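Below, subunit A partners subunit B and then partners subunit C, in two separate complexes.
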Partner chain A sequence: MVVINYESLGSTDVTTTKTLLHESIPLTGTIVTGTYKESGETETNIKNYTHGMFQSVYDYPYLSSSANHIFDMTVGYAKSSTLSGAVSAVQESKKINMYNQFSQVMMGYTSSNNTIREFELDLTLDQTGSMKDAFFINFSRLLYKDEIKPGTFNMTLLTGSWANPGSSEQKSASGSVLVIADASASSNQGTTNTLGGDYGVLYRRYGPNGSFTYSGATGSSDLGVGIIFYQAGIIALSTASFDGTPIFNSGSILSGASPTPMTVAQSFSSASISGSCNALRKRIANVSFNNSTQINSTIYFCRVPHNKYNYTANPTYLSSSQIRVKNVASDTPVSYITTVGLYSSNNELMAMAKLSEPLKKDPTNEITLRVRLDY
Partner chain B sequence: MSLKKFRPNDVIINTMKAHPSCEFFVYDSQIYYNSRPVQSGAFADSVLCTSGGTGYISLYEYNIDRSSGQGYSDAEFLLLSNPDLDQPRLDPEALRSNHGNHFIYPYIVKDGSKVSFKTIRNSGGGSDQTAEMFHQYADGDIITGSYPMSASIVRELWSAVGPAGFGAGDRKNCYETGSTGNILTEWKCGPEYPHYWALKNRLNYYGARSPHYRVSSSALATRVAPAAVHHADQDYDWIKDQQTINFISVPSIFYGSQIKPGSLSLKWHYTGSLIGELQDTKHNGELIQITASDRPGTPGAREGTGSVAGVVLYEEGIILLTGSWALNGSTSRLTAGSVTNNSPSWIYFGAGANDGVSQANTSVNAPAEPSPGADTSFKKSSFNLSFKGTTKTQVVTMFAHARRGEANYSNNPTFLEYTPNEGKRNQIRITSSQVYEERTDRRIKNTVSSSYSDYSASFKRQVYISRVAVYDDAKNLIGIATLSNPVLKKEDEDFSFKIRLDI
Partner chain C sequence: MGFLDNSGDIILDAVLTDVGRRKMADGTFNITKFALGDDEIDYSLYNKDHASGSAYYDLEIMQTPVMEAFTQTNAGINYGLLTLTATDLLYLPVMEINKKAAVSNTVVTHGTFANVFFVADTTSDTSTYLLESTALGDGKYFMVSGQSSGPGVLLEGGLNTTTVKGTAANRTTYLETNNLLDSYFYVYYDNRFISSVLGSNGSAVFNNSDAGDGTVTLNYSLARASSVSTDLQLENYSAARISAPSNKIVYNAAYNPVDTSVSAISGPRSSFAVVSVEVKPTLDAEYSKYGFVNKDLFGDGNLYDYLDTTLYVQGASTGIQTQIPLRIIKYKS
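After this line comes the complex of A and B, so read on.
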């Protein structure tokens, strides 16, 4: 009969740790639009729904089982927005509902009269700098895992005309390329906490030297062009990003006697939700961020004293009643530790830890084996 | 809300055993898994980004249709497209399309918790001596890993090394050299094939199933294949140390807890014709040849039929083949870098399955051949490996009973009849700091179907059950089972809902 000795684990033998595992997620514009086109302009990695309230973007034609959902897109504006109430409005109630839905869930209500708190383009939550109209991008949980790592989000947008978004029609310090990033955010500062978790502001980068419209630690009132919710994986991007863009969308509206191309504001009110989403997708050149996954670990320090575990009940330990690993009978006993078993208080085997190579154990040494259990 | 408690007979936990089929086809160094075609992408030859075709399982299916090429960073993008800088400007549209489609990769910041990736070595050991070691990183350094991770079958040929070698149990030659590089002493050190040495104990352990597992055995009265396993040491029927062994490893992701005994089949096709098949007809791990082509020079005689050509370790997913008799009268180049022709035999089964053997390196220029690559006999063979796995899934079955007289009311607002002028306040008869009383004259909506038009049937208490919620001991909601269609429950009816949960 095999005799098993158990070593009790005391309070000083068990500890817990938390480790963050990150992933670098690049999403280039080629995934978002242009690559998986079928006949005509049908993009097979974009799923539109009959309800028309949002569209889903996949990294491969979504009919393939290999495709991963990467994000959903929609647009919305507040009832109090200047875009609201346009004569040529399309899907207006859905757009307003969409804005309200996002703002309720992410921002909550103002304390004074319990009205829905609007998104703000700064970190102050003082109902100034409101963002009354926005593109919403909801990243898949597959990509952002536990959260988007603050300070790592970058997005490159092309702000030229519909036909050639990269053209330099919009003259600015950075040409037609708009780079935005959560420049103020880091793991311990530069964010604000709301109902939907921590959010940071997406600031515009001016010029290739990397300066942002953010003035440092005192810049909590500096206005950005969007906000990002880290734990929810949601971006709200202001239409102000495309204010100088003459032709944002391919469609046209009747303005006076002749049709005119749509600006971003006109697209928001007079184009369908999917139409505005298509226009934005065409302008996304790159999105990149890092995600975080928290790994909880319990560490068991398994201490092997000098006077124990120098013998084993393993059947291969003996050969003709002689210890295999000992040549001289008078030598001290010796064993090789290969495995650590973790037992419950009822002496049920719960887990086994294997060593990469056996450790020699004899009465002259003591060993502490550090067993880490991730979950 | 009232909760109903499960009784002891209402919750059953059992194990569901399944045997998923799995098939590998190997041809021309390509592996095909379950006859899946290659799904090509816009950026990668295979959208799963696993190199080497379709014979792989991508463990995350995370990097879909991506390439490892480098694109521009955001800063580079901005710099290259800036019209105001005194430098050649690139078209942002062109930049966008060339922005690359990088792989997603994991990383971790080294800290005191000692968490790292398995590709980073902790000690000097390990098979990949080029891998970086954990102590080479300082605290705060970023340790990166890589996707995609994939799994496939792997073949190794354990044959004698050099003229003095004698088989799978060969040891490496180690030297001590002098100042001029001259060899001072020479000795045998570590194993040439560590995987074989790691398996020797296990093979002897399974010897209770069949003597054919044993590393050396004299248990059989006659030798299995005299020509193949005849050695100088006549005391044994075979000594695996001295044999050439064909090792094929199947990762457990393909089969689960074990390969189903008796389900394994290995078929060798030569120019499209089946020349031999192995099966474990006794279900004891012996791979017995059940079909064969004609013996060379002896039409009608079948070479090797009924012989044991190897063994399979079902729990470990390992196949070891030692049968070296010729399966037909032809010859092929089946070993890398060799100019000798091999007779098709089981020790060469699966050549090209992640073992470095290919058409290119089996057609090296022999003296008598006109040019390199002239020999194409490698492509005459194709191999089929099929089996059934064993998966065990624990299943919780819960019976939720809605007995007669129970579950006949709903808190759904539409359960009550609509009354005009029904505002929020009208539902409440009295409300104060002491009393909250709802109106007593609100009636349940009569949903009983009538057989006649424009005639309401008599009222009966009934509900439509659409969901069953499951709570734990602490009354936390832990699951909701939703019915595909709501079921009508009348007051005098009993219902039992069977809820099954795989865990």
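After this line comes the complex of A and C, so read on.
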């Protein structure tokens, strides 16, 4: 049946708010590699495409409807990179295309010639400290939602040999693992705004546990080992991160070629995109960050005056036409609110709110029900 | 649909309805008012005789678990809380269907089919065969689709209590003074089966005082009711508005028959209306899809197609309401 009595909502009864909701997203390396390995090197949660330009990582075998897309990986380098033009280069045009695509979208162009701006490993946009070759990791929106919260990104990479990435071949104060984080960034500083949104620099952790600091690959506090685009959920990780790793890639993924140990530079040049992605994926020990969801809310203050809504059309309210909650006429009428309906001017029910328990209403009280709709 | 956790603070669980989402998509989402509901509450649980005192009267009501909010608008607020100015009301009106045989030209239910009112499809001589049937062999047991002369379902509003006599003075005191009279009733009907609602107009008469001895007078003619845009929130339902003139059946100790033998209301009466329907001309597919076909419904060898539907009637001012179960029937062979 149609509701008989409505209460108008005036301008002072409606307000809007914005709230940021954060979730902690931990990704353990075993999900990324190893858990779903079948015969040989085939991993059923890794999707490679015939075009070979990137690789998709799922949290479960991707043919299952239960699988969630976690992130995509690819590699690329700038045409001006020293890696470009090598005789033994594999998929070079695709790698350059990938780098250019990311830099076009995230960094834009520079100079009157509209040259594609290269990534930089610092917070300035002065074309110094360029990162000309990089691993790219694009997180799924399912994980990062509206953005990665600045200052929360943390990634642990194994820097040992291909065969045993967890060994201590990488000689550094941080040991056999490379811990990187956007240590200088926070919600109100330590980021730079570009075409692709805010980015922060990923620094490497140095020093013994308990007293470590974060700085770049060379120890400089200005240059990092990668950058992170918060709103786009994209990580660009410099190959310099693995400069100290002698055997970054086994080369076994090269079709028709015998396994050849490769440094990271050799892998970028001579291995396929998916081969280099496999090599990096095998070294991901841990990734964690906090995502952010911006919730825009409209709050309706439903004010119920003392002299209204004290009766009800509920059929159980009457027994032989007499109000059940009264013995005599002078008794106070009572009703119990369980539902708030929000209506358009045409009496269309647009939203509905339920109270977790009935709320007693009588002429001695006034009630304000705060109904929040999130968008 | 789960229940809301009621073990701690009171929380509000809010959702957009399917209509709200559609309005959001087409850019016309705008909330301008609110209403309150209590559909889950069973007020018969209010125990005014609780031995522990008044603080315990509503103990069971307050423990009523409330389900999570629905997104379907038809499961929203079906009744709603009412705003009435007076706080000293002890009685509220109700709506009843008059099934008193003493009132002529009204349709009543037959004992064998006590829960439905029959509506004869005008095709295939259905009325003729119904009149010949052993079960419905009288015109008072069924309406004929679209027939303006009746019979129709007689609806009455008022205080259905024996505690307050149905005098004209009590009508003024209990109903008129407190604005508990309806001038119109809304009738909601399933537009898949029914093309229009027929209702009595404002000049219809229902009283027992014209003859001065309690003899009942019911004069009306039925006409197509005007459709209204009021949204019942029920899919396939449309609304029409019919007049609800004053119900002037009154109690008078000298009257014979007594008021309660001709009226469904025992106390002061407020309004009345007679309602019928016009079914859609070709319902063969609907009989098959939503009802039954080729049924020997009355055990007389005649086969009928039929389907059941419900009219919802509501007082435009007071919200009093009732449901009229209809069985649309067509002679087949």
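Structural remarks
Heads up, the rule we're going with is that the second predicted complex is superposed on the first by the 345 of 375 C-alpha atoms of A that agree within 3 Å, B and C clash if a C-alpha of one lies under 4 Å from a C-alpha of the other, contacts with A are read in each partner's own complex, and residues count from 1 in each chain.
To be clear about the criterion, contacts are C-beta pairs under 8 Å (C-beta built on N, C-alpha and C of every residue); 3 or more make two chains touch, one makes a residue touch a chain.
Nothing here was measured: the structure is a model prediction, and the numbers come from that model.
Of the two partner chains, subunit C is the only one touched by A:Leu9; subunit B is not. Applying the stated contact rule after C-alpha superposition, one finds that A:Leu355 touches subunit C and leaves subunit B untouched. Of the two partner chains placed by superposition, only subunit C is touched by A:Pro363; subunit B is not. Once the two complexes are overlaid on the shared chain, A:Ser320 sits against subunit C while remaining clear of subunit B.
Contacts of A:Leu63 after superposition: neither subunit B nor subunit C is touched.
Measured by the number of subunit A residues touched, the leading partner among subunit B and subunit C is C. In the superposed model, A:Val304 lies in contact with subunit C only, and not with subunit B. Comparing the two interfaces of subunit A, the one with subunit B and the one with subunit C have residues 316, 356-357, 370, 372 in common. Residues of subunit A that touch subunit C in their complex: 1-9, 14, 300, 302, 304, 307-361, 363, 369-373. The residues of subunit A lying in touch with subunit B in their complex are 17-26, 28-31, 34-36, 59-60, 64, 66-68, 142, 154, 156, 158, 160, 164-168, 173-177, 179, 181, 205, 207-208, 210, 285-286, 288, 290, 295, 297, 316, 356-357, 370, 372, 374.
Within the complex, the subunit B residues that touch subunit A are 39, 41-43, 47-48, 61-62, 64-65, 71, 74-75, 77-79, 81-85, 91-97, 99-102, 104-109, 111, 113-115, 122-123, 125-126, 201. Subunit C meets subunit A in the complex at residues 4-6, 9-17, 19-20, 23, 28-44, 46, 48, 57-58, 61-64, 66-71, 73, 76-85, 87-94, 158-163, 186, 188, 229-233, 266-267, 312, 314, 317-321.
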